[in-house]
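Shown next, in structure tokens, is the structure this report addresses.
As written, the chain order gives the labels A, B, C and D, with residue 1 at the start of each chain.
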Amino acid sequence: MIRFTNASLEYARGTVALHDVNLFIARREFVFLTGPSGAGKSTLLKCIYMDERPDSGEVKVGATSSLTATRTDVAKLRRKTGIVFQDFRLLEDRTVEQNVAFALEVIGAPRNTIAGKVSRVLTQVGLASKTTALPRELSGGEQQRVAIARALVNDPFVLIADEPTGNLDDRATRGIFQLLRDISASGTAVVMATHNLDLVRRSDYRTIELTHGEIVFDSASIAAPTGVALLDDDAGMTEAVL
Amino acid sequence: MIRFTNASLEYARGTVALHDVNLFIARREFVFLTGPSGAGKSTLLKCIYMDERPDSGEVKVGATSSLTATRTDVAKLRRKTGIVFQDFRLLEDRTVEQNVAFALEVIGAPRNTIAGKVSRVLTQVGLASKTTALPRELSGGEQQRVAIARALVNDPFVLIADEPTGNLDDRATRGIFQLLRDISASGTAVVMATHNLDLVRRSDYRTIELTHGEIVFDSASIAAPTGVALLDDDAGMTEAVL
Amino acid sequence: MSLATREALVSFRRAPLLSALSITTIAFSLFAFGLFGLVVLNIRQALETVSERVEIRAFAYDGTDSRSVAAAVAEISAYPEVLRADVILPQEALERARREMGEFKDVFESAFLPTAIEVRLKPGYRDPDAVQRVAGKMGAFAFVEDVRYGEDWINQLHRIRNIAGATGMVLGLAFAIVAVIIIGATIRMAMMARAREIEIMRLVGATDGFIRRPFLIEGAIKGTVGGALALGLTWFATSVIERYLSFDTVFFDTRLAVAGVIAGAVIGLAGSMVSVSRQLRQA
Amino acid sequence: MSLATREALVSFRRAPLLSALSITTIAFSLFAFGLFGLVVLNIRQALETVSERVEIRAFAYDGTDSRSVAAAVAEISAYPEVLRADVILPQEALERARREMGEFKDVFESAFLPTAIEVRLKPGYRDPDAVQRVAGKMGAFAFVEDVRYGEDWINQLHRIRNIAGATGMVLGLAFAIVAVIIIGATIRMAMMARAREIEIMRLVGATDGFIRRPFLIEGAIKGTVGGALALGLTWFATSVIERYLSFDTVFFDTRLAVAGVIAGAVIGLAGSMVSVSRQLRQA
């Protein structure tokens, strides 16, 4: 579903953010991305939703390749991708509800289904009581949960979460984590960058560690994971989703 | 140094963010503020730098009282206060260096001392190599460290840190924590809101837990703390600092 | 489409100041442009009126018999350039001079004027060349003592008309360009204020077309409102001038007025198009 | 202070588009205002020239002896309203009429004109009342057959001057208000774009004065540049008009020109002041 082939990326200032990354993530798989601050985690995630493209090598998500994707292809890919940004990126002048609904409006969801979906997902992240608040009227953790709700609302086939629990207490973290696990179990590939090593250790999901843009550890290459997860089901998924 | 007396605060939408808070924090003291997302931690901190003022009760910081402070008093208070905001609040169109220097320029520091102080504090937070980068060219953790550097650079007498390690890996977290401890040891009161219970447990600093705007736990009221910390040194400090 | 229109309308509510500014700028620019256009229009109109008065007069010797004058008039009337030719008898000439020159009427108390033939030219022939040609032919009649047609004045008139036309075009263009620049910058600024919004839209999967549409609709609406406002302002200004200065002014006809409003819409649309494309290319 | 100026200058580099827009808007508004001012100035000037020509003429009966005319002239010259009084002999009158009325000079070929006394009034007395008073006194001389002074014309002139003054004031004020609104909105928009910056400044302990200063300096600089640009544009426009239309126009004198640039600075400063205060109150 997601495949990095010799992907390297250097930023303008000479920072090597990704160096020869090779990676395959299957459908239904749940992957933790760890590593020190500045290791290139966010950059790797940006490559998945094609906000950045590698200087060399290829990133392929479903049928979309970083080598050939047009702006429209990228837009289409993102409609099927849920993204929780490290800095939330909420629309400042829209309420919680409108922020979440916006992601549905963009993909042209039928108008009458929107309200229902929005309120369901807001309840799931524990924000049912804040639907009409503006982002600036929310606490840090509440904003983060709005961002998560927006990423979940359109049933993505890939979910990317960049430090989604950095502002959450343990209980809320566990709740969100359970939500992401459910999503993954229902067939979505989930990639989550996190510094919360407790979370990583407590669960036994695949863990990839980056340092200076290089993959220095990938648990999938040590313990053989479940068969399903490793099946290259690119072709089948692509048909179904795009 | 910091005193909350029956402080209550309700936001426009009816959220009770603080309820009858009584609190005293002395000079040189290091205090953790914990509690679930939305408990009122950021609000309590905002009261200390007087970005919010309680609807009833009083907050007193040094000689500045929330009941009487003018806009100029508040500005003066903030010049002596270092603040790490939960959402960083960096100036988008200035480099790392300029962002940190700005805090010194505002307080009218002599021009020739600024560059030295800035580079020292940036080295302390591990950003010596990123001085000329713009905030959008930094990773989440790097931005957070710029925010910390800015708070430290003018040797504040109160340091407020709202979730300063939410985007940092364990090693960086420990480094920053050590820095805050040094600051506190040199006479500054440090109040740090955090969800990182590991950090709280590993050290034995005073811990205050908020839930629904109420203090539900304060370790200072259980174990008798060191004598120095509890001495009401308001009067002496006030003279010395303001 | 319905969503785009809704978004466009919502943006007025979200940023009323910005919207008001854009509209005011468009209105003000088009207003300045419109006022200037009206000045040109009125100058042209005035010149047209004046040039209708282009006339050539041939004065007969004292005692010329009226039949030869009548024959000459008949011949002159047949020239292709000539609209009409008339005989002016001395008495008529005197009366007319008195009437036309109010302030100096005392001058004519005891004036004597000769018989004259007065010729007016057809619209297409009111230029210096045609006037000279006809005057030459009239001077060839034996009984004509003198032919007068205000050479300087006609040359001057022609020159003013040409220059007014040219400066009108040049200054008008300059005004229009300034208007487009200001409007473009205003919209671009509105755009920058929403750069974050646009970026977030792109990140949640909105296509460029989807993002662009509400902005274009918004631009067109602002332009139309601005154009209508400008038209109203211009109309108001001219009616004030007309009323208090008792000038007779010409206003735009319906076709021009509608064209003005459409110009507003086009400017708004074009400004949005340029700005949004630039913003999208950057993001 | 040095820091504030540096910050102000840096902001031009940081937001060149916004700065350019503000300056263009100020320049354009003041340009429109300036052009309008020049029109008013030139109308006034023209009226002044025309009103210098206010004159009263008394015509003597045929055969009046020149000594009584001379005595009357001496007496009339002594009136407080009178600038000068002259005798115009018939021959002179005829020549002058021919000279002044170029196009119609054939009319005067054989005219006869009476002796006349011509009176010009002092600047303060060129209004209909004074004219009528002097004309009345002149009519009282026995040898005077008729006194003429173009009643309608003087009344009309006076009316035009009053109305031109009033509309000039009203329209000028309207233009100035529109300019201030647009400029204020532009600066406010620039301000909103920097709302985050202002908020962060406040949070790190900057006082209102400290925050305000660079913005005020920036506003004043923009206003000054805008004013200078407007002056240049206006000068360019008038010189183009003068050159190609061979109109004689009056330009602002140095004092007015400087006042215009200062007006730009004041507008820029005032706009910044209002906007920054509003922003600070909100934060």
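Here is the rule we go by: a contact is a pair of C-beta atoms (placed from the backbone, for glycine too) under 8 Å apart; a residue touches a chain by one contact, two chains touch by 3 or more.
Because the structure is a prediction, the values reported are computed rather than measured.
Of all chains in the assembly, those touching chain A and also chain D are B, C.
The chain with its Cα centroid farthest from the Cα centroid of chain A is D.
Centre-to-centre, using mean CA coordinates, chain B is 68 Å away from chain C. Chain A and chain B, compared by their mean Cα positions, are separated by 32 Å. Note: centroid distance chain A to chain C, computed from Cα atoms, is 62 Å.
Inter-chain spacing, taken between the CA centroids of chain C and chain D, is 24 Å. In chain C, no position touches at least two other chains.
With touch defined as above, chain A holds no residue shared between interfaces to two or more other chains. If each chain is drawn as a node and touching chains are joined, the picture is one closed loop, every chain linked to exactly two others.
Per the contact rule defined earlier, chains pair up in contact as A-B, A-C, B-D, C-D. Only residues 49, 51, 71-72, 75-81, 83, 85, 89-93, 102-103, 105-107, 150 of chain A touch chain C when the two sit together in their complex.
Residue ranges on chain C touching chain A, taken from their complex, read 3, 14, 196-197, 199-208, 210. Within the complex, the chain C residues that touch chain D are 17-18, 20-21, 24-25, 28-29, 32, 57, 59, 93, 97, 101-104, 106-114, 146, 148, 150, 153, 160, 163-164, 166-167, 171, 178, 181-182, 185-186, 188-189, 192-193, 237, 240-241, 244-245.
Residues 11-13, 34-38, 41-42, 86-87, 133, 137, 139-142, 144-145, 162-163, 166-173, 195, 197-198 of chain A touch chain B in their complex.
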